[in-house]
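Each of the next two complexes has chain A plus one other chain: chain B in the first, chain C in the second.
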Partner chain A sequence: MLEHFVFSYGFVFVYAVFGIAGFIVGWVAQRGNYCFVNAMSAIFTTKSYDRFGALLILFGTSALATGGLVAFGFIPAVDQYYDNYFSGWYIIVGALIFGFGATMAGGCNLSMLYRAASGYVQNWLELFGMMLGTLIFAIAIWPTQSFTMTNGILSTKEGAYIEYLPYDIFHSVAGWSVGITALAVGVPLVAIGLYLQAKTRRKWASLGIGASAPIVGTTMATPAPALNSGGLPIGGGIPMIKPSSFLGRIRTTDIKNMILLRMPYSVNLSTALLAIALLMVFVSGAGYTFNYLVITSSDGGRFLEYILMPFGVNLALGTPWYNNALAIVDPSVLMVIMLIVGAFTASTLSGDFKIRVPHERKRLVIGFLGGILVGIGVRVALGCNIGMMWTNFAQLGYDGILFLVSMLGGVWLAIKVQQHLV
Partner chain B sequence: MTVAKRLKNLEPGKVIEVLTDHQPAADVTLPALANGLGYQFYAERSGDLYRVYITKQ
Partner chain C sequence: MSKQSDQRKVFHYRFLIAPIVLLLFAVGWYRFSVVYIQGANLQLVDHSNYSVYVPFQQISAYLQAMRDFTYVTVALALIMFLYFLARFIQFKRMPSANVAANLETSHS
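And then the complex of A and B:
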């Protein structure tokens, strides 16, 4: 990292901001039911693009915001590209394995954590599976993968500015080149995202379930009670008012219900808040540490290392991959812990928290096995959907695009398998 | 996916009732399924559970 700090505040401030950002991410993801896997699988299962569109908007706004800060000189370019990873076969293979495993397990790395914090036992097992998958990767895969990366076998040999699109396109990391690249990456992503959301909304409207259609009460009042063979009258509970995937206009009562935690956050509100959390980390961590949201892929995987330490087993001493870094509580580990705290707080205050054990015990096994694939996939890909894909869009790299396409392939494959199993 | 399969075999005009404690299913997955198929739905919270009704049209 840089020899000088971009800002003169100390590490205490950096830790504090990373902690708050982690809390915000956990809270917002829980309240908005934000799941990358769910957003992608909806494309194949229900042909809904509203949440996938939101992901593209998230990537686009992140690229525009970080690129804008660099272009106008608020943050040095080196703090945007310094942690860009190598690129190669492993991004494609890893993202494919990750997409498959996460879909089978029932959650991406973000939703795994906030659902685990909301009491989902299946996601606890996914997390443990991910820890085991990380160990399998470290021992069985990393030495070979590392060899290919070092020797440039289907891999670039350097990251950082070599993987930085402004440099790749303009051979410059000056403000103007970063600005133009940010616009070239961000604007199309936001435009495609908005288009996909509008397309989904138009489709729903054409089917009579559009944004202006009433959802509560009137639509089901007549047919449902007569046809409900279970004898359970509609109206006995609290109406959900408006699902967060519904793209209609948000009214004052909706805002009030969101603040009072009676209603999930709308998907685009969640997207905006998550982008703000990324910016908080990007700015405050510049010059100090990895200034992006890393979430679970490395830190979550390292939890096994922390768990084994009291038993006298120290993976950092002799195990490949683990021995590349010290097992310390750095700002990103704190961020992951605070993400869990944020999700737990949100689920508890909203009444969503409950220890949930699936009725079908095989789901626990699938969650664990899927978690192992998640652990292997994210480590092979050098990061998860947050620390690699979303982050790389904000870094103005191109690995995020490779990850996105390959992950979509993995999700599609898992949907096909699930359709045969159901 | 189970609900989608059940809906496929359901007669038009009939309502399927889904009981779940998985909030994202009531908030995201099932409304998206119903919206995508053009079916009306209604979701309510009842204690720890969510009841989602989808009318096949």
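And then the complex of A and C:
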């Protein structure tokens, strides 16, 4: 915790903004069916880069926006880099395990939550698996991992500005160095993202599938992906939504339908709204707390801690990691609770909510086992696809790049395994 | 009659139950926070574990914000319940209304 508060509004306001941001993230992700694993698996199954392009745009705009606020002096640089983590073997190994587990289980940390709140039983089990995975990590892995981190074995020994690209490149955290770095990181990401989206849409156009293809429930009118033994798309059995349209091409009737919850949000609209949620947290939390979006990587562990409390068990008293690395409560708890409320409200009002049990019961087992891997992976990597990967791009660090590449490897591996199982 | 218009005459009880679940979740979480999270935090002080202990200023801010969100969520849930209740009554008054069970299962 920093002693110098950037704004003087106090902790209640900070918690409130985090809660509102959580509600927005839950609502938007549910309406946009936003899933990092889905975006990555589509690359390998349907050769579709539309959603992956959106992810790169999300990372790029986040880096540009947070870097811009620091470069122009609105937020001190220390509040951008203060919570940059160590870097090392654990990022690569953890992201690989996470990518594999999340693809098998059927959702990344974000989609796991909003889909669980929309009635997907498989994702409930993934969440419970994640809690168990966190406990396994805490007892079996954390003592060794923290030893390697402390002693610099395949690891940096410090985080913060040591991991901050403006410092690494220019040996300065002045506004100009942050601004140049933000442009160097953000612009290529946005450009590549837009290029990939345009490429995919050209492909759809050649196949006669336009961006204005009619929506039928949550299915999408793209080329049918390969199916696994459960009859679900390989890549986690995640329902895919229709090809999104660019913000500028949305018609008035589309806006009306989106407001009335008759139509899912387009992928780029969802991206823009998620980036706004991140900025809300970045500005309001500056100087107070970890001022980025954190979804469940820590809270997966916390929820197990909370579930055990009524039984008189307090993991924070004696269990490794719980007793020295996980504050009993922080603003992210409120964010996750409100994320669930937002996703649940959106799914109920739109008529999407339904208790969905897979016909094939083995998918429940796979969901649970995948969840355990998710729990282990995110803790080993010191964060999930939100709290580590996306956040680190906004922090102008380099761990996010390591996480992204490694997670892609895990997703690819899981798809190969699923194809083998079909 | 088209299939689409047939579907419009189906009302699922889950729309009435969902707001109640939301309301209970919000109230339950707030009560849980007051009783257990605060209690566990005090337990940490008793055991001199200050590395994961949360200072009073922050935990009271969490509880205050959580309380406000609970009020908002309860209000939201009640509005949703009344909205779906009105729709339910509307459906019941229709001669060919078909009220379906809420906990049907389907393929994810």
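For the reader, a short list of remarks on this structure follows.
Just so we're on the same page, the second predicted complex is superposed on the first by the 378 of 422 C-alpha atoms of A that agree within 3 Å, B and C clash if a C-alpha of one lies under 4 Å from a C-alpha of the other, contacts with A are read in each partner's own complex, and residues count from 1 in each chain.
In this text, a contact is a pair of C-beta atoms (placed from the backbone, for glycine too) under 8 Å apart; a residue touches a chain by one contact, two chains touch by 3 or more.
Only a predicted model underlies this, so the values are computations on that prediction, with no experimental measurement involved.
When both complexes are overlaid on chain A, the residue A:V341 reaches chain C alone and has no touch with chain B.
In the superposition on chain A, A:V417 makes contact with neither chain B nor chain C. Looking at the shared chain after the overlay, A:W204 reaches chain B, while chain C stays out of its contact range. Of the two partner chains, chain C is the only one touched by A:P310; chain B is not.
When the shared chain is aligned, chain C comes close enough to touch A:V12, but chain B does not. Once the two complexes are overlaid on the shared chain, A:C35 sits against chain B while remaining clear of chain C. Judged by the touch definition given at the top, the superposed model places A:R356 against both chain B and chain C. Once chain A of one complex is fitted onto chain A of the other, the partner contacts of A:N323 are limited to chain C, with no touch recorded for chain B. Residues 232, 237, 239, 354, 356 of chain A touch chain B in one complex and chain C in the other.
On chain A, the positions that touch chain B within their shared complex are 33, 35, 38, 42, 45-48, 50-51, 203-204, 207-209, 215-217, 219-220, 223-224, 227-228, 230, 232, 234-240, 243-246, 264, 352, 354, 356, 418-419, 422. Those residues of chain A that touch chain C in the shared complex are 10-12, 14-16, 19, 106, 120-122, 231-232, 237, 239, 305-306, 309-310, 314, 316-317, 322-331, 333-334, 337-338, 340-341, 344-345, 348-349, 351, 353-359, 363. Those residues of chain B that touch chain A in the complex are listed here as 1-2, 4-5, 13-15, 17, 21-24, 26-29, 31-48, 50-51, 53, 55.
Put simply, chain C touches chain A in their complex at residues 14-15, 18-19, 21-22, 25-26, 29, 32-33, 36-37, 39-41, 43-44, 47, 49, 51-54, 57-59, 61-62, 64-66, 68-69, 73, 76, 80, 103-108.
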